[in-house]
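Each of the two complexes below includes chain A, the first together with chain B, the second together with chain C.
And then the complex of A and B:
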């Protein structure tokens, strides 16, 4: 009974004697403390102290993982809201709020991570307020990410506003849904593709198997895969840890979301596979497949694109939810590997192996720290606000 | 999941948009920028360089860079391959080839259409009309995209500065040029391996040297066309690829490489909202129609049921009426018969009484 009322009001029942020292909290606490320690080092001693970046590798995992992979994995927000609000797939409605929240946190953390990476973080607004480098694709990325973060923020507000009981503000925010969704898709198309287009400038540095005039298309299409897979992946984890926060609608729609999104992901993966192959054919790069880099490229193409495509299809056909869940993890991993390939592994392929980059442990420390912060904030929000359930005052108001 | 024709068309449109984005880089015009008129440059004749490192020393001095670990007179540093660093805008590398060692000097090539300038999102890099590519540290955010973009691997970064890190690269001694002086390295070169002048003139000089000594020089002026052309030009007596200079860079300038992707922006901004609103409108309309159809079907069903019900009712009523009529008639008949019977009985009784009376009488 008390549990039920907790779900309805969204408040965590206070259990006396329940210790905060769970294994998860202890590990998260250690990560946060180490992260803060590295943060102090980074901002007092400079990038050279905490990173293995050098003049050949100006971009490390803070760009390859935190920015490139981070933005791709946060694509669930625009993919889900477009599916539900534009394409009218209302049966996925319960997936929108967690997806938007994950997207917002993802983008917020990307911007947070950028503060570590750029040399003078306090100058991040300079491209907008000092001089506009409009010839740069990075300018487009910066502008779109800044705008999209704002869009996601507004899209996120109904939940905290319902939690706080601000009805009027909440209703205004909800009325903007359609406009924000379209705006979000436009901005996402632009910056997801532009992140790939960043590397169009470096045909002499990026391995020909990864360099292609289609880089923007590859990045955009694969962001859809990342978005769809992250929704399934995130919902699996949420169901495991926050099942008590889910209402009946969420529980009922969950299976349909996994099946629907798995099916869509399978189709998009098939398309992505085809255009990757077309990319090789257009530039006639077949002969590179017989090299070491070619073998690694085939691992990505077959193991992380063709295989999840097949597994999703089988999972959907046989309604095997376990298979779909594991496949979503595989697909997400594939996107991360792709971004690391483009940014780091296949980048500077002409350099001898002793000049190649490997991250400093403190770079990895900051990346882990940022992901942990994301999980902690997500937990804070879903245990308090109407994310996985509908607020009783606003049922059927969408 | 069933897919309606309308939905399918919507998706098809969306997919078409995605592919339109990926048109390969091609500038929208056939304009070709071949450098500012009368801009200056430097011609480096690699065949003349003896690897004395005087240029490195001069560069260090005029740019007021920190002193190196080993003095510039120490030629043993040439044994290891080096690249530019924040403390060294130029370095000389030795290449042990078949005949004699060959030395080449690395520094910023001052591209006609620089990749760094194209990449910079605060326009910190500029190709000046005089020739040098300048850098403005006062706006630099430190994203280091310029370093990713540079095909010659020239810009470096002050990773060890916490508060004022800068991108460091050769300026072609821009301030000195504006004062009418030569760049530090050119001024000091004892072998005249470096020639300063207008780029157009330097190209002529280079061509003349190749013409005069066709057996000595490779018939190629490196930098004339590489990446759209550079202000720093090279002549060599050995293949450029053998001394670490990439010959696979192509002649496409950096802005052209990204022009296609950038031209996709207005396309997306212009078409996506229209297309998406269209899909939304179709979805809405479909929903509305299906709602209306449902409502119609429901009301039709209700009407039919009502009609049938009414018919049944009236039939039942009629039947009831008929039954009632029949019952009444029956009752009346029965009553009449009874009356008749009673009357007859009464008459018979009377008759019998009269008969009895008559008999008595």
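And then the complex of A and C:
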């Protein structure tokens, strides 16, 4: 099989003498082995052995990073499919499949990570079959994440079905696209905001600069920024590492995707910055800005909201793709910092520093393990299935 | 820090600032949109 035919069919050519022992594989292998070792410890010895969680901090980085940041960064799926299928921006079509795949893997890993925190996996369906009522925000989040994971799974299926040659099943899945996109946008709007609303329960624990009646709005709006930036960020990495898997359409559209998504992210960041400032004004929290926490809040507000907003705008104006790509990394980092601030850093702000939470190395180990599993599965899928190229049997069938 | 004795004073103060901010944001957004799209070809 030639290299060219391998790309269009998705089947990897056999390269004699090519070793699997690449630096990436070795590092990923070590992380996976350590992760599996910690997993065994977690499920045999309990949370106390592998975490620094306590009564003040029942939620650590497995919630702050793996879940809150994970869900926000997986927003690229609904943002991209809404832009292409609902708003009719067909010029971004090549970005849909990688974005949906990233979204699906993101949500799947969020649920996977939740098992480490919750423990007994067989109790995961409990919110639906054994509960006190449906007014809990956690019920709403559980219902939406479960449904949206199912939606993303079905949205993902055309690629593996094309790869396996199941034409009829693939055509049925494609016909559901519009319905699933609308359902996905509704579910995402609900649970992205509900994750912020969870913290409305703790006005005395969360620092006033981060606590606001607008927290659900902040979480939802920032998820759009996370989704747009993540698509640019993921596309940059894919173009670097999987360029040989991309077809001409993907290559031709990449500049337009970066410019279009960068422009949208810049506008949404400007809006997000505005409502964050209004959030301070509504609660009259200006005096807190002169404190240590205030300085950290300003770092987030200026360094990770206003700065990427301006850099995206300059990048779009000057058509500077390198600047847009680097800015997407800054914006993604900003969203992670925001979720960690709300969940951990500005949480329990009254506590003395010796009682503050810092994650155990094994908690960090599990988070790194989960991200690595995501990268490995992403690599497995894009090197085999028609994600970054159109399958020759279905060209122009969208 | 400004002292407030009744809720009405607090609301008047904060709402007043929010209204001023909203005018600034609306004007700022128009300027920002022009900056963002200023070099786009029709």
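Quick note on the criterion: the second predicted complex is superposed on the first by the 394 of 398 C-alpha atoms of A that agree within 3 Å, B and C clash if a C-alpha of one lies under 4 Å from a C-alpha of the other, contacts with A are read in each partner's own complex, and residues count from 1 in each chain.
Simple rule for what comes next: contacts are C-beta pairs under 8 Å (C-beta built on N, C-alpha and C of every residue); 3 or more make two chains touch, one makes a residue touch a chain.
No experiment lies behind these values; they were computed from the predicted model shown.
> Could you say whether A:216 touches chain B, chain C, both of them, or neither, answering first, second, both or neither?
first
> Could you figure out whether chain B or chain C reaches more residues of chain A?
Ranking chain B and chain C by residues of chain A touched puts B first.
> According to the stated criteria, A:174 is in contact with first (chain B), second (chain C), both, or neither; which is it?
The answer is neither, since A:174 touches no partner chain.
> Using the superposition on chain A described above, determine whether A:147 touches chain B (first), chain C (second), both, or neither.
neither
> So in the superposed three-chain picture, is A:317 touching just chain B, just chain C, both, or none of them (first/second/both/neither)?
second
> Based on the superposed arrangement, let me know which partner A:281 touches: chain B (first), chain C (second), both, or neither?
After superposing on A, A:281 lies in contact with chain C but is clear of chain B.
> Can A:127 be said to touch chain B (first), chain C (second), both, or neither?
After superposing on A, A:127 lies in contact with chain B but is clear of chain C.
> Once the structures are superposed on A, label A:263 by its partner contacts, choosing first (chain B), second (chain C), both or neither.
It touches chain B and chain C both.
> Could you pull out which residues of chain A sit against chain B in one structure and against chain C in the other?
Overlap of chain B and chain C footprints on chain A: residues 263, 271.
> Help me check something: in the complex, which residues belonging to chain A touch chain C?
Those residues of chain A that touch chain C are 263, 266-267, 270-271, 274, 277-278, 281-284, 287, 313, 316-319.
> List the residues on chain A that touch chain B in their complex, please.
That would be residues 43-49, 51, 53-56, 58-59, 82, 85-88, 117-120, 123-124, 126-127, 130-133, 135-140, 142, 178, 182-183, 185-186, 189-190, 193-194, 197-205, 213-214, 216-217, 220-221, 260, 263, 271, 350 of chain A.
> Name, in rising order, each residue of chain B that touches chain A in their complex.
Answer in residue numbers: 1, 7, 10-11, 15, 17-19, 21-25, 83-85, 115, 117-124, 139-145, 147-149, 151, 153, 155-166, 246, 248-250, 254-255, 257-258, 260-262, 264-265, 268-269, 272-273, 276-277, 279-280, 283-284, 286-287.
> Which of the residues in chain C end up touching chain A in this complex?
1-2, 10, 13-14, 17-18, 21-22, 25, 28-29, 32-33, 35-39
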